[in-house]
């Protein structure tokens, strides 16, 4: 029976003109695709990859950029106390700030999720405001709030009989102030991320857990957290990169002072490289961020690919 | 003139996996052909090669006598209806249907005339200004068909167009598609995994399995004369029962002996056909509808068939009874008036004129 | 009536108190949110309060700083009459509009190619996009300073237009890839059969269908270029080429007598465009923020 399909009226077949055009169509497709990605490639190669390589090269030059001194800049940096204090401050700043942002963000996301859906939009809109204002500008407001003689924060504290705090004058308080501003700016971002993650957990899962006898804490521990683990880790790692490389808050609030004790890598690199005019050494300072950022990036990427695999 | 010919059509993917293994098929002008088979049998790949969405590894596709292997989809003069409708969500129904014509720079009044005409055929005139989001599943389906009709192409291609609809709507749209084809008479290639859809719609059904064509023929022929065990099992619902047994012959003719000891006489007019297979293991194929309760009949070749029901499913117009022979699950369709109870033996009547005998080595129906 | 309630209470004794538990949870939630809202909104509110004070009132430094005794708009009018401040505003606007346009063209084209047309190296390029998104601006501003200087674009808004895409393009491309990838493949096949070319498919199908994504990416590009700080601080030192952020930080804040009222008014005016966009397009704004994490 299949045989009769073979014999049934063979029409005289004429090959269409321009044979091979489908292959040409496919080949043209990848040419077009390549052309379409060309501007992107130009940005990535010309403005990221090339500068990165050039930065490494720059960091091996002497101050006047006429002689290659190998790792000379790095050696000099290793010998200065300021550099080590910058390294410590960067790490303490980034880790403390990210931890606080993550915790506050998580708490607020949870609280937001608890209130009736009708009010959520309004509260969410209000609580995201710190993230929306360009940080360089809102930090100006904080700076004024920290003013040594007319601090509005100290005024509020004095109501509760707390003595005036020398916010930007004392190194320890200056460090705390920088972290406070960064947490204020970044916590809303964590909140939004976590809220999106919480919302993506199916409601039935909570209902099933409740019927299985889980209390509120157990639901959090066994349902919410595992479901959010990926988003939490990616957001934390990503924020770690951004916070570690932060510049604007330190620049506006303390400009590195007092006594260079609040400098982070970015602001110190700026100080050394641009303001003091030692480009190669500035490049060396900022490149110190690279290994730490690379470790974070590695974990972010691993998280992303794992998530993608799970979704498939 | 728009017949479609597939000649030695092959589709191979990387790693030399062959999805379609050299199939030949001639589809006549105005014909409605349904490609049916289980998922992964190559039916969709075949359709997509006709459409030009999938590159052809070997062989030819010809539409209207022209080999179109190397012609991009837009120049093949075909229209396609997708499983998920693929309506452009940002365009109104009118714009959706007009899009292909607009791209081909048809004059405005001609576009309007064609869209209106198609909308009238499909009964969607009041929906023309709506967006797809505001339509029900059945309405979207109509729009997708309308988009094909307005183009007035040489061939319609349907890729499982009804799978996203609920059961009731599916039956309704099935009739609708048949009606549209009777109106516009365009050559149609239709892919589905649902054999009922295939049987009801097709002029000819093409049953595919593992990248090859198992059988081609009108629906009734496939039902009554399946060529292979696969077709026998695939066409018809509930599926045909297969029971292993032996053909034994003596002076009076042939008998079929099942493992459980049941003996079924083979109708005399088939003796010559099966004689070469006597004394060999074979497979009995019999449809549930030919395994019924005993009642007075003028059919000659009826054999007794003992059964002990395990599960009984009353369907209303009939009652399905499931039982086992020799460990093989068998089902039978009984008159609902027939008293049956789980665990109580009954005697059924097997219509031996309707049975098939299959060679278990080649899986061919003898 | 009272009889029936009494008897029913006899049959069904009430166990636990779900509603009290729930009420407690609600109270904690609202208390946390109110506290957070106060802390989160205090700085902008205080900036606004300060911006309404006259210089004399600020210099006085007496009493409650959170109160305004004689509100005045003189800070705002002084700023709006200040050619330099308006210059900053115009610079920011030019740079931002150009960067947003460039970014969207680059990322929509690239995302379409990466999401739909497989070609040699497309997978590596998609990973590369994500990697560059992880590179912070403070890592590269020194070599870029040299490069921009070599092109003679220091102290020019054109230098900023050149380098800002490093901040915006990777993320925008990334979220556009996500949006394009979520468009069902049958849609392009239908368009292909309908006779669309690649450019028609992009412009007539993908762009309109992915409009929410395009709006979200545009908002992202806008806010990032508007708020950019490191690059302009490093590359621009002449006031007439400065965008708002560095302009206010470096030019309004000078000498020993800080014009706090004016600084705050300037900062608030400068923050206005992103805040207004946020207020009107909050859902797109948030979609853009979260897309990076949920899609990638």
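For clarity, chains are labelled A, B and C in written order, and residue numbers in each chain start from 1.
We take it that a residue touches a chain if its C-beta (ideal position, glycine included) is under 8 Å from a C-beta of that chain, and two chains touch if they have at least 3 such contacts.
By chain, with names taken from UniProt: A = Sugar ABC transporter permease; B = Sn-glycerol-3-phosphate ABC transporter ATP-binding protein UgpC; C = Carbohydrate ABC transporter permease.
On a predicted model such as this, the values are computed, not experimentally measured, just so you know.
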item: For chain A and chain B, chains touching each; value: C
item: Chain pair showing more contacts of the two, A-C and B-C; value: A-C
item: CA centroid of chain B to CA centroid of chain C, Å; value: 56
item: Approximate Å spacing (C-alpha centroids) for the pair chain A, chain C; value: 14
item: Chain B: positions in contact with at least two other chains; value: 52, 72
item: Partner chain B, residues of chain C touching it in the complex; value: 184, 186-187, 189-196, 200, 204-205, 208-209, 211
item: Of chain A, residues touching chain C in the complex; value: 29-30, 32-34, 36-37, 39-41, 43-44, 47-48, 50-52, 54-55, 58, 104, 107-108, 111-112, 114-115, 121, 123-130, 132-138, 140-142, 144-145, 149-152, 155-156, 184, 187-189, 192-193, 196-197, 200, 216, 231, 234-235, 238, 241-242, 244-248, 251-252, 265-266, 269-270, 273-274, 279, 282-283, 286-287, 289-290, 293, 296-297, 300-301, 304
item: Residues of chain B touching chain C in the complex; value: 51-53, 72-74, 78-80, 82-86, 88-90, 99-100, 103-104, 147, 151
item: Residue ranges of chain C in contact with chain A within the complex; value: 25-26, 28-30, 32-33, 36-37, 39-44, 46-47, 50, 58, 61, 64-66, 105-107, 109-110, 112-114, 117-120, 122, 125, 127-132, 134-147, 162-163, 165-166, 169-170, 173, 198, 223, 226-227, 229-230, 233-234, 244-246, 248-249, 253, 260, 263-264, 267-268, 270-271, 274-275, 278-279, 282, 285-286, 289-290, 293-294, 296
